[in-house]
Amino acid sequence: MTVKIDENELLEAKEKSVKVGAELKKVRGFALGFIIPVVLLVVWEAAVRFNLLDAYVFPAPTTILQKIIELAKEGTLWGHVGITFFRVLIGFLAGTVAAVVLGSVVGYFKWFEQLMDPLIQAFRSIPSLAWVPLFILWMGIGEASKVMLIAVGVFFPIYLNIVSGIQGVDRKLIEVGKIYHFTPLQTVRRIIFPASLPSFLVGLRSGVGLGWMFVVAAELMGASQGLGYLLVLGQNTYSPELIIASIILFAIIGKTTDYLLKSLEARALKWQDNLQNQL
Amino acid sequence: MTVKIDENELLEAKEKSVKVGAELKKVRGFALGFIIPVVLLVVWEAAVRFNLLDAYVFPAPTTILQKIIELAKEGTLWGHVGITFFRVLIGFLAGTVAAVVLGSVVGYFKWFEQLMDPLIQAFRSIPSLAWVPLFILWMGIGEASKVMLIAVGVFFPIYLNIVSGIQGVDRKLIEVGKIYHFTPLQTVRRIIFPASLPSFLVGLRSGVGLGWMFVVAAELMGASQGLGYLLVLGQNTYSPELIIASIILFAIIGKTTDYLLKSLEARALKWQDNLQNQL
Amino acid sequence: MLKVKQASRTFNDGLAGFKNISFSIQEGETVGILGTSGCGKSTLLRVLSGLDQDFEGDIELAGLGEQPIGMIFQEPRLMPWLTVKENILFGAKDAKKVDVQEYLNLVGLSDFGDHYPKDLSGGMAQRTAIARALIGQPGVLLLDEPFSALDAFTKMQLQDLLLKIQKSRSTTMIIVTHDIDEALYLCDRIFILGGQPGTLQAQMSIETAKPRDRGDSFLASKKAEILDVLHIDKEVE
Amino acid sequence: MLKVKQASRTFNDGLAGFKNISFSIQEGETVGILGTSGCGKSTLLRVLSGLDQDFEGDIELAGLGEQPIGMIFQEPRLMPWLTVKENILFGAKDAKKVDVQEYLNLVGLSDFGDHYPKDLSGGMAQRTAIARALIGQPGVLLLDEPFSALDAFTKMQLQDLLLKIQKSRSTTMIIVTHDIDEALYLCDRIFILGGQPGTLQAQMSIETAKPRDRGDSFLASKKAEILDVLHIDKEVE
Amino acid sequence: ACSSAGGEEKNKPKKVVLDYAYYSPTSLALKEFGWAEEVFNEEGIEVEWVLSQGSNKALEFLNSKSVDFGSTAGAAALIAKSNGSPIESVYIFSKPEWTALVTTGDSNIASVEDLKGKKVAATLGTDPYIFLLRSLEEAGLSSKDLEIVNLQHSDGANALLTNQVDAWAGLDPHMAKVEIDSGAALFLRDHDKNTYGTLNVRSEFAEQHPEVVERVIEVYEKARKWVVENPEEAAEILAKEADMALEVAQKSLERNDFSDPIPGAKQIEALNAAGDVLQAENVIKENVDVEKIVNELIIDRYSKKAIE
């Protein structure tokens, strides 16, 4: 902190180094995230190679990679990944819209909360597998039922976070809106929604995770393609490399979608006065 | 608002009416929550009675109630509910502890976030069913693996909410702690934790919901008792009333646990300056 | 245009808030409210603005036209996710029609339009809140210690700005302040609240024409008078 | 005991903050900082308190003993989940040993110990923050407009409280304020900041013994002097 | 679970873990009467029972050494073995007719040929699926001539009853239940195309404790004989354990043939046939020598020794 050199020079130098430093930091942060997965993979491979793990229950990463490459070469991989991604996407959108609408109303109107919330909360703990027969019954075995089931999974965490976000909005800010005679809709759009954005975004991230989880149950409903289908197929045909390959694909794609949402979060919340948004 | 009567009288009258009113409001709010479920049940019963729904795929509520009563009479119901409740409870505690520890560290130390978070996020989208074979492999089919699987389910939403809660804590408050030379642990305990409590509590509620969901997968691991077992048994022996009975039990017990957490939330957050905490 | 009859709003079983306050205000009048900390001044403004409906008594607001009430809260209450410019526009009915830059200049924030509230100093945040209230061109303006975080000169400039606006738009204003000089410089009438719950202790009219001279000896005598009232009140308490 | 050499902390490519400030403060001295809104006063306090480490220049804090720096922020910064009492105790090193009620009485909140911050008036919140800073018995106390939300009499009482504490504990104090009378009543030395980024424009010593007479004519002449400096500064800007 | 005690009494495990399953009535009877406990406790060996909800679970348990003996369908064991699971089928707990092709009572599907172009529900890799493929093959059709919808067994039943599929390769007890409750018709039955219910043991365990394997087979024999002699009571046990209606239990028990417990040529033949179909459908990998795997899987020496 003790600096004795010409100040202008210093400022310039500092600016440059700040920029380069930021780039470097980003790359390093990124690299840091790879350390543990890589270590795990190496340990795992070694364990299989030295017969500490039985290959028939836990094939080596290289075997699994081969399996994935094989699928890719056959051309079926993209089909599986694509259709699952598509289902999750549509289900996610549907679930989000439903959660935003219901969540806003429940969060805003006390009586509506008393009316609807108990039922919604009760539904929340019904496992994905339990929905399967009901959805087949209601909507058949087409895409609609699959997408809807995913939407159900996505719905709950988003709903929960929205309601709590809205109910946690500072009264002080809402009052500002009241002074301007905002309609409830304006209040929601201009104050409540942005104020509960952090909570909403966590809900989205939670929701997309659940979307990926529900996809397996969804693809139990007569799917002939998809990652969930691969997983179940692997279980039904006792093929561990297929099971683990699909798990790894789930992890990778799930992580990617989460990364997208997380970037969105960082961008949308740059106004937050927290330790990380300091200049 | 125009009042012309003796003021003292008015005040007294108002006070009383406020208290009675509050009681009444609570009861009414509670009653409101029963409207929709009751309507649904009646419609459903009627639909089955008038053969709009096939009883062999969708038995009437009364049939299901009979089934539940039958289970209760046999005495097995309490065993199923009890063991599942117990598993969820222990899993919930384990998952919560893990999430609090990891979440605090990740939320507080940027480098640790960069190191661990990508991996954790990747794991987050692995479906419960996919974990089953892995957990059997790692931990056998005893209670440990079941509880751990539930803990995994519980972990993620809590973790996510804690990290985001911590990262959203107002810098202004953290600085107060810095002035008093708080250690990181003190800062977490005395400022960050209470400040992110709303977010944490939503995480808890999300988490317990997921705990109930994961219980089915957990009880696929060689259970011979429990609600998840009942559900799978119902599916394997093609007994729709058993399936729906277990779904309804899930809903009721899940709702009960959520209600407990929600009361906790209301109590823990009475300091929040939101519209509902007004005098 | 504003008539308050026997209004009360208390908290804590009648231990805080204000009680039995009656007054009436003409259109275009500027009223100052002085009083000890915690005697219910902000609560009174909240009741007048309609934010708090749980009061007793009777309040009549006549002929308000389409212009709503404007309010400057005791805290800046800026939306943290909006920049200064957007925060100011928050108060405008039609964001496209108004010139924000003008208001930015008026409160001396010309260069800070694109900052987020977290990067503002206390006084700058307060000035943003002032600009937000002014841009709506309200018919009645309620101000809760609007200049408390400003230095002497910025304060004087903004006081003059208020006078100008009051004159051109003949806005009715109720100003809560702790600065007696400020009340004397701006107001046609001054109410003094005291006690817990607060009641109206005294009322005085200042009939000197505006703009006034800050060094005016008549005002200085009034100041002594007010200090006296406040002091007695404090002693009694 | 506190030496600042050529300290600078700027934001926005050097457009805001403060620049090239040097001074030194003796133990037990009370220093006032005056300056226009946004000239970097709060930033300076943040740097001195160690909250902001990104400054340039050199700061030495000697012989601070085990007592840390105490700070009253420009906003109350109360923990919303703690009651007034708990908030005050937040600043105590050993919550069991101290008598909160005493501090509650000192700041005039005897009956409000169990209230949550959301139920406080602006001035009451500020007084809670003051009590929180005092209970820690810090060796150096940094105060950022501590009495801005208080009425004239509460303000005077608390000023006297500060004087008493300063005398008995010989606390070193740095007070940022917009109230020139306050600075004159409390301080041994007054710094005047100005410009954006702010620089040290003037410095003056007030050697009158404390407690001073608020009506002292020497102080009045000093006030005129300060107003002059501030005014010129404002004009230039 | 696999604990081999040292000392003089080598080759004596501390504990033997058996599975029981609702599709293996013998195991239910055995568990009910505690005969295994009787025999093993005498020798100081503990007996532990684990419920298998299906062949796939039983195989997972075997793979993870959570059980020593697991009850599965023959084909399931074959697929697992072809993927490297070290298991051996040492006993046949029944020759069940647990699968058939099912349609609704009012359907006009009467033979396999009618399925052309229709939607049929089946669970990939399971006995009903193999049954469907082999029936198609016999009729000169292949899986490409119709749409096989992959549904879990119970969902398949539901889908059939709600007319979302035209037929269903069913599995007991779902099939029995659907037959009784909603008048579904079994339009193609063939006892021989079922791949038997096999009791499998982990190879490692069999190697270390051959005498335990024999003992287990002995007690299984005792249970099997009891089931053959007391079908009524057996159905009651099944109904009670699996929480199903007595009629359904009776019906699915009727379709079990408990006569021939020693694995041998019949099983080899059936599994070879199943293996070919599975290989054609790519469930078993192309490079696998099915015949060799089958021969390694079906081990008759323990049964022969224990029973004869």
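A, B, C, D and E label the chains in the order they appear, each numbered from 1.
Heads up, the rule we're going with is that a residue touches a chain if its C-beta (ideal position, glycine included) is under 8 Å from a C-beta of that chain, and two chains touch if they have at least 3 such contacts.
Note that the structure is predicted; figures quoted are calculated from it, not measured.
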If a chain touches subunit B and subunit E alike, it appears here: A
Pair of chains whose C-beta contact count is the highest in the structure: A-B
Angular offset of subunit C relative to subunit D [C-alpha, multiple of 5 degrees]: 180
CA centroid of subunit A to CA centroid of subunit C, Å: 47
Centroid spacing, where centroids are CA-atom means, of subunit A and subunit B in whole angstrom: 19
Residue numbers of subunit A (touch at least two other chains): 57, 133, 137, 171-172, 232, 235, 240, 272-273, 279
Residues of subunit C whose C-beta touches two or more other chains: 11, 75, 118-119
Junction residues of subunit E - those touching two or more other chains: 63-64, 152, 154-155, 158, 162
Parts of subunit E lying in touch with subunit B, wherever the complex brings them together: 1, 22, 50-54, 57, 60-61, 63-67, 152-155, 157-158, 161-162, 173-174, 177-178, 181-182, 242-244, 248
For the subunit E and subunit A complex, residues of the former touching the latter: 56, 59, 63-64, 76, 79-80, 83-86, 121, 123-126, 148-152, 154-155, 158-159, 162, 164-165, 283
Complex contact set, residues of subunit C against subunit D: 11, 15, 34-38, 41-43, 74-75, 108, 111, 119, 121-124, 127, 144-145, 148-155, 178, 180, 227, 230-231, 234
Subunit E partner contacts - residues on subunit A that touch it in the complex: 54-57, 132-133, 136-137, 140-141, 220-224, 229, 232-233, 235-240
Complex interface listing, subunit A residues touching subunit C: 172-173, 175-176, 178-181, 190-191, 194-195, 197, 270-273, 277, 279
